[in-house]
Amino acid sequence: MGEEKELKLETRSVKGYWDIQYRWRFNTAYLAKYAQGLKDKKILGTRCPKCQRVFVPPTYICGRCLVEIKDWVELKGEAELIAYTVAYSAITGEELKEPNIIGMIKFEGADSWSLAQIKEIKPEEVRIGIKLKPVWKEERKGQLGDIKYFVPA
Amino acid sequence: MKLGKGQKILPQARGGKMRNVAVIGVGMTKHRSKRRDVNIAELVAEAVFDLFERFPQIPPQEIEAVCFGCMHTFEGVNQPELWSGGYIAGDMKSFLRIATGGTTGMTTLHGAYYYIASGLYDLVLAISYEKQSDGNTQLGLAHIVIPEGMSMMQFGPSTGMRGAATGGSTGGASFQAQRYCYLSGATEEHLAMHVVKNRRNAAKNPYAHLRMPDLTIEDVINTPMISYPLRYGHTCPTSDGACAMVLASEELAKKYCDKPAWVVGVASCATDPTFNPLGPVYTDPAEQIACKLAAKWAYEQAGISDPKKEIDYAEVYDAFAHQEMMWSERLGLFDEGKGPEMLEKGVTQMDGELPINASGGVISTNAIGCTAMVRVAECALQIMEQAGEHQVSKRVKNAVAHGWGGLFQFVSVTVLSESPKKS
Amino acid sequence: MEEKGITQVRSIINPEYRYSVGRYLERFYQGLEAGKIWGIKCPRCGMVYVPPRWICYKCYQKMEEWIEVKDRGVLKSWSQLYVSARKNPLKEPVLFGLIQLDGADTAIYGELRDLKPEQLKVGLRLKAVWKKERKGAVSDIEYFTLEEKEA
Amino acid sequence: MLRRVGIVAWEQSKSELEKEEPREDMIYYLVKALLEKNEIKREEIDTVIQCSNDYYDGRTISNVFTVVPSGAYLKQETKVEQDGAWAVFYAMMRIASGHFDTALVVGYSKGSEFDPWLAHSYCLDPTYDRQFKFLNDCSCSALQARAYMEAYNLTPQDLALVSVKNLTNGAKNPLSARGFSQLTVEQVLESPLYSDPLRELMCYPFTDGACAIVLASEEKAKKLTDKPVWILGVSCSQEEAYLGARDLTQLSSLKKSAEKAYKMAGINSPSEIGVFEVSEFYAHQELMITEALGLAEPGKGAELLKKGDTQLNGKHPVNPSGGALSANPLCATGMLRIMEAGKQLRGEAGEHQVDHPQLALAHGQYGICAQSNIVLILGR
């Protein structure tokens, strides 16, 4: 083995599967509270009691301090763009109808960043540092999708 | 790097006497996109045979332990060291199996290092592989977040999740790329320049996958944009391949090898995910605090106080076109923001002052589980002067190898040297 | 955690894999298709492996000496399976075993049919029953059953 | 070994057949309890070794989201994908090398959230073995059980005696997942047949659980606790995978590991060891394990058991905690054995405490039919 012409040899294939049926459990209490806040146009985060860092979306363990986070804070809706990408094709490789701008944004008063879709701006006009604001759905159901996307403030 | 209150960086604990460990043999399979002529165990065996053929003075029967690594969900074989053990002189030997995402290859090598450094063993084989043509890498990678993602679906898809569902692994890297370009001023030409450099280097390495001696910057720039700023030509291939290394104690290294490459610094560091489509992200994906820390610890161990002067060669994990520039800065090889300039000046070329990825790097070859080990293997070959056609012009006294993985959160660093550590 | 909110979700994606069998099993499967069983012999210890493989695990030797073995042999171990790998009851229990073929030093798996569990013992002589239409897969040997006495 | 390494603290999540607590919470509370009870600060931990398996977790790179709850943030973290006892072994080597003074090892799995037998069937060669749909963890072990029983004329009653001993011991261990204060051989032999001769009560229960252990260098161990448990000997080895080529009547790799570990610990005979905590995933394996460890001649494991030697109050108590038949949270199982062995040495095992052991043995295994084995010898 190892010779160039042998490397190209095709031997037959047999199938195999990863067919375990998982029954994963998750602690979603924090996300539920965050989603509920969105219904009232509130952006909620959690604050580490020790290092005071604020996380949005909320998390419940601070890795740096190894403590459980129970304190909640409400943030203003304004956010700053930290990094972004413009997707031209889907995960499947298909070309998208129109380019999709996704930003990493930081809410005012938060120490963490989150991902957000950005609209009403041309890809070539996007700049790091621009201020963004959420566009809310008219009928909010306490779902993550209650924020439709973000637009320049 | 900003650290919170009360956060101190732990120095490496110092024991009394330490043991010197050296790389005395390296073997690899030829990496190709599809190796359908062999099965997984045979692919692994091929790398080990390559090692014993290239370094015939190492006796296979003297191997005491095997450290084995791969990302087993990509191929659907659970703990493949069990199956492969009988193909690699591993019968009745001590086995350790390590998996840490993209860094697996290097953390596996670190396992072999500690086997010997502990004083328990003297001759250890480290192996890593990936046979992506057997499996489904995209689906495998998606399984990093599928469970968490599904748990969130009761709250509906968020704006970010909808967005992040595009681009696969590139989707995350493109934020890092964009952020890095913003911080350093790297341009589209720099990204392409890096790809051209490395794939031309790969043309000199028969074990590499994408070997393109005539690639031009225009060729790269003309590939389709996947996710700004990354184009198709800016991403690594998926390869089948395996890598094997033999590590030895000082006594055996001198017995079995004329010019061993000494392992003088090993370190790794984990943070929380720095790209996470589901939850909050705490740190800049381009900042890579884990890399800075791991490098600091590894240099300290190696007694290197100024990597800019003392490191002669580097192999870094450049899965995407911006990463070689970024990592070389984070590893302290250049000042922050100087990566693009160094690339432009040809400093990192095979005949430059600080050649990086003469093997062609990850952008030319990526069999995920073994990629990080190949970085160390290539550094070792340069020090041992066994790299063949891609041996760099300058003499390599100290080299640094780097691996990266997880959700942009694990970094491992290995420093090799032509002389053992003074103990 | 303080607020209870445990969500349970089930997996829905099952990745599929295509394993290339390599040159050694390729020849083995080709043999099955032709109604032959190929083994391979270690040049050092002389052990004959069925199914064939590249390397002898004991001697770390590459093997190239192909040996055809008989489609009959002796039972080494057996079991009757009542539940699936997910612990769900099977419709019909499956009787299966490890059979060492004449000329081989290792055993192969096979289903056992037309046999009662009480009849089974180590060393029992069995023969392979081949499928009429074979496709170069393990299922080409449909099952093993009692070897009739030589006439 | 360059320096002596001690076990200074341990903690386990209660093993349960089904735990409501999600993975991250289980790990966080476990590590938190371990550090707080033993007054160890997170800053004092130099390296963290996790032990899990992507197939058990159903996640590629399963440690991605457990770095934070395990306290590994900004530490030298790595993940061992075998049984937890190997993770302890690796932690020990890391400390012995002089690079680290302390290590935290965390092993866990949630058997209620995946299909362990199916996950183990993926260990088989996919190009041949896995093409036979009847092969899985249990049915392969049944082949091993049958081959072993045939070789030494053993009966299902002999296997049932192992279940009776371990499951009644398990009832004395408040943290185990399965146990019966009263259990008879008949009851074991009436439990549902899975793969002949293995019945429900002869197979390990799918278990949720986790274990965390802190190790330290000699100097540091003495600072962290006044009752460290020292690792005196350790060895692991792996035999051939293909069942058709293996001698299924004995555990060769365990035999070799035990011999090496005894030598390292300076032990001439296993009878010097006061208590044995072993990973018997199936009832017949405990008999094979006692033989491989040298407590009994080949084929005489059942006799040893019938004599009462391996009982809680016997000459060589094996699995006073109830063993893996009482609780088998994969990846944590070997660590539980180490922890239980440590508890026995410290005299902290409670109702299942044996009489003043000076040395203890912990055994871990993984792979189909205990293909890979590790032995640790512990002492005060």
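Per-chain numbering from 1; labels A, B, C and D assigned in written order.
Quick note on the criterion: contacts are C-beta pairs under 8 Å (C-beta built on N, C-alpha and C of every residue); 3 or more make two chains touch, one makes a residue touch a chain.
This one's a predicted model, so the numbers in the text were calculated from it and none came from an experiment.
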item: Relative to subunit D, chain with the most remote C-alpha centre; value: A
item: Which of A-C and A-D has more C-beta contact pairs; value: A-C
item: Inter-centroid spacing, subunit D versus subunit A (mean Cα positions, whole Å); value: 39
item: Chain centre separation (subunit A, subunit C; CA means) in Å; value: 48
item: Euclidean distance of C-alpha centroids - subunit A vs subunit B, Å; value: 27
item: Residues within subunit B bordering two or more other chains; value: 7, 35-42, 73, 76-77, 85-86, 91, 140, 142-143, 146-148, 150-151, 154, 271-272
item: Of all residues in subunit C, the ones touching two or more other chains; value: 1, 6-7, 9, 11, 15-23, 25, 57, 86, 137
item: Per-residue overlap in subunit A, given as positions that touch at least 2 other chains; value: 1, 9-11, 13-14, 16-28, 32, 63-64, 68
item: Overall pattern in which the protein chains touch one another (line/ring/star/complete/other); value: complete
item: Subunit A to subunit D touching residues, read off their complex; value: 14, 16, 18-27, 61-64, 66, 68
item: Residue ranges of subunit D touching subunit A (in the complex, touch as defined); value: 20-25, 28, 31-32, 35, 42, 55, 58, 67-69, 71, 73-74, 110, 112-115, 118-119, 122, 126-127, 130-131
item: Touching residues (chain side subunit D, partner subunit C) in the complex; value: 20-22, 25, 58, 115, 117-118, 121, 126-129, 131-132, 134-139, 142-147, 150-151, 192-198, 240, 242-245, 248
item: Complex contact set, residues of subunit A against subunit B; value: 1-2, 4, 6-11, 13, 16-18, 22, 24, 26, 28, 31-32, 35, 50-51, 53, 55-59, 63-65, 82-91, 96, 99-102, 104, 110-117, 123, 128, 141-145, 147-150
item: Residues of subunit A touching subunit C in the complex; value: 1, 9-30, 32-33, 60, 68, 70
